[in-house]
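There are structures below to look over.
Each of the next two complexes has chain A plus one more chain, namely chain B in the first and chain C in the second.
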Partner chain A sequence: MRNQDPAQLIAGVRGGDRLRLAQAITWVENEHPRAVELLAALYPCGGGSHIIGVTGAPGSGKSTLVTALARAIRAAGQTVAIVAIDPTSPFTGGAILGDRVRMRALSGDPGVFIRSMATRGSLGGLSKTTGGVITVLDAAGFDRILVETVGVGQAEVEIASTAHTTVVVEAPGLGDEIQAIKAGILEIADLLVVNKADRPGADKTVQALAMMLELDGTHARPRRHHGRLVPDSQAATGTPAHAGQGESRDDARWRVEVLKTVASTEEGVETLRQRIEAHRDWLLETGEWTAREHLRAAHAVEALLRAELERRIRAQWAALDVRALVEAVAQRRQDPYHAAQRLLAGH
Partner chain B sequence: MRNQDPAQLIAGVRGGDRLRLAQAITWVENEHPRAVELLAALYPCGGGSHIIGVTGAPGSGKSTLVTALARAIRAAGQTVAIVAIDPTSPFTGGAILGDRVRMRALSGDPGVFIRSMATRGSLGGLSKTTGGVITVLDAAGFDRILVETVGVGQAEVEIASTAHTTVVVEAPGLGDEIQAIKAGILEIADLLVVNKADRPGADKTVQALAMMLELDGTHARPRRHHGRLVPDSQAATGTPAHAGQGESRDDARWRVEVLKTVASTEEGVETLRQRIEAHRDWLLETGEWTAREHLRAAHAVEALLRAELERRIRAQWAALDVRALVEAVAQRRQDPYHAAQRLLAGH
Partner chain C sequence: MNQQGQHSIEQAPDASAAPGPLDVAGATDTTPAAPRIRVLVAKPGLDGHDRGAKVVARALRDAGFEVIYTGIRQTPQMIAEAALQEDVDVVGLSILSGAHMTLCPKIIELLRNQGQSHVVVVVGGIVPEEDIPRLQAAGVYAVFGPGATTEAIAATLRQAVAAAQGQ
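On to the complex of A and B.
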């Protein structure tokens, strides 16, 4: 397996060979010298998977929910891949919690593929590597791909740019600060789930979310592209099939719902699966699927551009002697603003 | 006030004029065209403030703790500024929770200055704007500057590169996922605080953290620079005063402690303040202060470089027609890897 070439991996991924699929993903994660070649070849084979982002605050139980959802997807006769992204430790990596539990619940089923990834706290890590892993799984022909992230800060924005359907998971009584986070999360959610719904306060949380949706009024708005290099006007060229007439028609819009689940007992999980399918149908019927494919493409290109620019800048910098300038700034003989300008000017 | 020039603001900031101080910070936040001029002039006046980062998971009660700590600092006869960074909503901004409570507890005291900032989920936002705000407050002569961030993902790494002393706040029983986050947080903490220590499970959390510190063994290690452009070897030129002899001596190392507080009753807060002062003394005695000033300078220069490069790239991109390429990628006629290469090559 060590001296695989991309052609063998491509054939393996396309042909359902699990060992080669795992190895292809490892190439992507480790930035193997030939990973780009592999991904470029696999990309055209993709486009068939429905990519579902599941994001939520720590403690919302989203790992358990993702596991239960995968079982429901399998029960409905579809294949499913799970990508769990763990941004916990930027330094040590850090193990994925609940991973062993998940493995046990789904093990032995050839229609399920699970991969956990540590991003080491890097955002670039999320967009760059996750995009590649999704490309591989998409080419491998999984019907559904579940991408699980801890939804705090930037991660939930990233996932919304990567997924067709974004599920935001909450739990009752996670405190005021979490409540505030919701304000941002509402704008990316296609479906809201209050998990651990058997706990006290669940109905209150559902009501609060429903009220926020009502007040917000943005939940039915077409999704924006949140990247920075590629402007909205250029990225969102996927015009809905019924544009012009549909713009103000309520039935052409997706109404975000608040669902209740108890992932540990699988209560409400099949309903969640069905609502995800309903969202998929809506995407396809309204032409919004095409629009999201454009956003996903724009996001992918931008992430790659950033990574390449970063690499070039770093290479350029290695040649300069930054030390003296940083020392001058530390001793306040030079301010950082002029120091940065001098470095940019090549001294 | 509208047509201020930088000279007036500089004089105001240096002279203790609160209105001009607030306006200078607004210039920084809004990226006023003359903000860089202002900051470059203020930077050499700084260096006197002890910058204390306070980071912790949502629900740890760090806002209340920061307020209590500010009161303790005032009681000890020092002036204090609070910068509260709110990354909650990347889209809508979002109000800082507990802000009104804080204002009430500290209002009317001319030795306290409070500023809340929404970063809209952007990391660049944290490093770029916060650095500038700290430059202004430092030049204004505050003895202590408390920088409060939600410590999930990247934010805690950023704060460790910006502060002299980093306090990581935990609370009992925040669930397993939070526990995992600690693994990364341990490496940036100079002091660990278990807040809400009157709650069940506090001692268990203290013991767990103490054990993790013991196992980790990295807590006494000199801090690394977590930026990417400026390599460690170039950034950390601030050699400790007793280098050579101190390297392996245990007493030259800072031992991270786990403290208990109940911020709402101010229990343990004065002890925390004293331990922060002890850390400051340690920094100054060992020469580690100088090393951290170097890291802070390297971080500041790097953040500015990134921002400027981002601006240049965006300007360059605006000229290109990205639309056709993104459409080709969305329709899988082109893969994103070759699309990015073509864009980089200028077509």
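On to the complex of A and C.
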């Protein structure tokens, strides 16, 4: 029988009970009526985990790399949770969550916890409740949380406002010529990894990426302003990567690096772990950690607000004949602009 | 494939699927969506016959389930651990090696010991007729052999999960 008592789930999450941790995550994922109670109690206990996003094209080796990275993190004496996200079929609502196939090397380790999630209709590369699930894992006290996004193209950059450190994974042979259009995803990278470095063309991919960073001029991740990505030249003042500032500020910039790994043999993975740690140190030393916590908070509040507004608007529809309204728009008796306004106004 | 089978595969999207931008059909339905059923599909032991497991994983996805696929060569401990972390409703074991009589009771015992006796366990693959009652006595809910249809599997799982949750 599953647990139905939030107090017991909260105590379980805080006390290292893995079954209750898993059940708490399910509550959050299913938006259980009492999940808010649970999250509200757990949220103040969080803040200790370093959240690391791993994103990149389908098949670039994210799951294999996350597994190798988790092993390196364990070898360094830290605990680690993994959230692996795969897409929900828009046609059936079902999903195949297959990332675990690559993660068998982590089984049997009590310092590791792996959870697969389906996007359930979300489009940003994560699912709507990923933030809540991270809150639970954070409160459970994992030192590091690795978040593997769905295999993404370029628009799915939500991970950057969820993680403290974002690792973008590329692989040789995924088409060097299309690198340029992937700017959207490259811009969110704190670290760039060319995985499958055992494959031909790896050095060419490294060079192409290094050249893009060179062209970018700053080697630095663009600033964010009020939760939005802004080009470097328009960034708010007082941020370390802003052009035209003094040397000392310039030194405080984070330089995006291109690293090579062979995830399947763990080659280069310990170096990657160390660079992730260096990024964490940089965040803490420059005050950027606090800035990213603000960004994450703003993102979380905005997402919940959006969801709640949508829920309320939909609830109002119960009192309206939406079908007739849509029919009127289809027949051009009503325009969609005023129809939407009527729905918003609730009459 | 029979007509009935066609129908349930091409059913309208799961009612619990996220609503579209202007989901007119669901516009007046404000009841919370039913949680999606999570199924772990695993192949214990050393047999490499993974075609059936993959076919079933895909079919269940198409029937609206969330399937966690773990691949071949899983030990009973690995399967129990994954079932716990993923908080699944169902564990589906695909066994074509003949080792079902040792593997299944072991896995069921591990699930019970970790507080997951509510999890429904089903088995697919090559199981001789005379072993089916013995597996059921050990706690296996249902056994599906070659030719089992998606409709039958999906319906059985839905029924079993509903019964387990109603307890």
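Criterion: the second predicted complex is superposed on the first by the 273 of 347 C-alpha atoms of A that agree within 3 Å, B and C clash if a C-alpha of one lies under 4 Å from a C-alpha of the other, contacts with A are read in each partner's own complex, and residues count from 1 in each chain.
Here is the rule we go by: contacts are C-beta pairs under 8 Å (C-beta built on N, C-alpha and C of every residue); 3 or more make two chains touch, one makes a residue touch a chain.
It should be emphasised that the depicted structure is a prediction, and the values quoted were computed from it without experimental measurement.
*Asks:* Considering only touches as defined above, state whether A:Gly77 meets chain B (first), chain C (second), both or neither.
*Replies:* So A:Gly77 meets neither chain B nor chain C here.
*Asks:* Does chain B (first) or chain C (second) touch A:Val322, or do both, or does neither?
*Replies:* both
*Asks:* Pick one for A:Glu308: touches chain B only (first), chain C only (second), both, or neither.
*Replies:* A:Glu308 sits against chain B, while chain C stays out of touch.
*Asks:* Chain B or chain C: which reaches more residues on chain A?
*Replies:* In the superposed model, B touches more residues of chain A.
*Asks:* Have a look at where A:Glu293 lands relative to chain B and chain C in the superposition and call it first, second, both or neither.
*Replies:* Once the two structures are laid over each other on A, A:Glu293 reaches chain B alone.
*Asks:* Taking the superposition as given, does A:Leu39 touch the first partner, chain B, the second, chain C, both, or neither?
*Replies:* After superposing on A, A:Leu39 lies in contact with chain B but is clear of chain C.
*Asks:* Once the structures are superposed on A, label A:Gly47 by its partner contacts, choosing first (chain B), second (chain C), both or neither.
*Replies:* First partner only, chain B.
*Asks:* Once chain A of both complexes is superposed, is A:Pro200 in touch with chain B (first), chain C (second), both, or neither?
*Replies:* neither
*Asks:* Tell me the contact category for A:Ser107 with respect to chain B and chain C: first, second, both or neither.
*Replies:* In the superposition, A:Ser107 contacts chain C only.
*Asks:* For chain A, which residues lie in the overlap of the chain B contacts and the chain C contacts?
*Replies:* Dual-contact residues (chain A): 88-92, 94-95, 97-98, 121-122, 314, 317-318, 322-323, 326.
*Asks:* Spell out the residues on chain C that touch chain A in their complex, using ranges where they run on.
*Replies:* Within the complex, chain C contacts chain A at residues 13-14, 16-19, 22, 24, 27-28, 30, 32, 35-36, 57-58, 60-71, 74-75, 77-78, 81-82, 84-87, 114-118, 165, 167.
*Asks:* Help me check something: in the complex, which residues belonging to chain B touch chain A?
*Replies:* By the definition above, chain B touches chain A via 36, 39-41, 43-44, 46-47, 57-59, 86-92, 94-95, 97-98, 121-123, 131, 150, 152-157, 174-178, 180-181, 183-184, 187, 226, 228-231, 234-235, 237-238, 290, 293-294, 296-298, 300-301, 304-305, 308-310, 313-314, 317-318, 321-323, 325-327, 329-332, 335-341, 343-344.
*Asks:* Taking the complex as given, what residues does chain A use to touch chain C?
*Replies:* For chain A paired with chain C, touching residues are 1-2, 18-19, 22-23, 25-26, 30-31, 33, 88-98, 100-101, 104, 107-108, 113-116, 118, 120-122, 314-315, 317-318, 322-323, 326.
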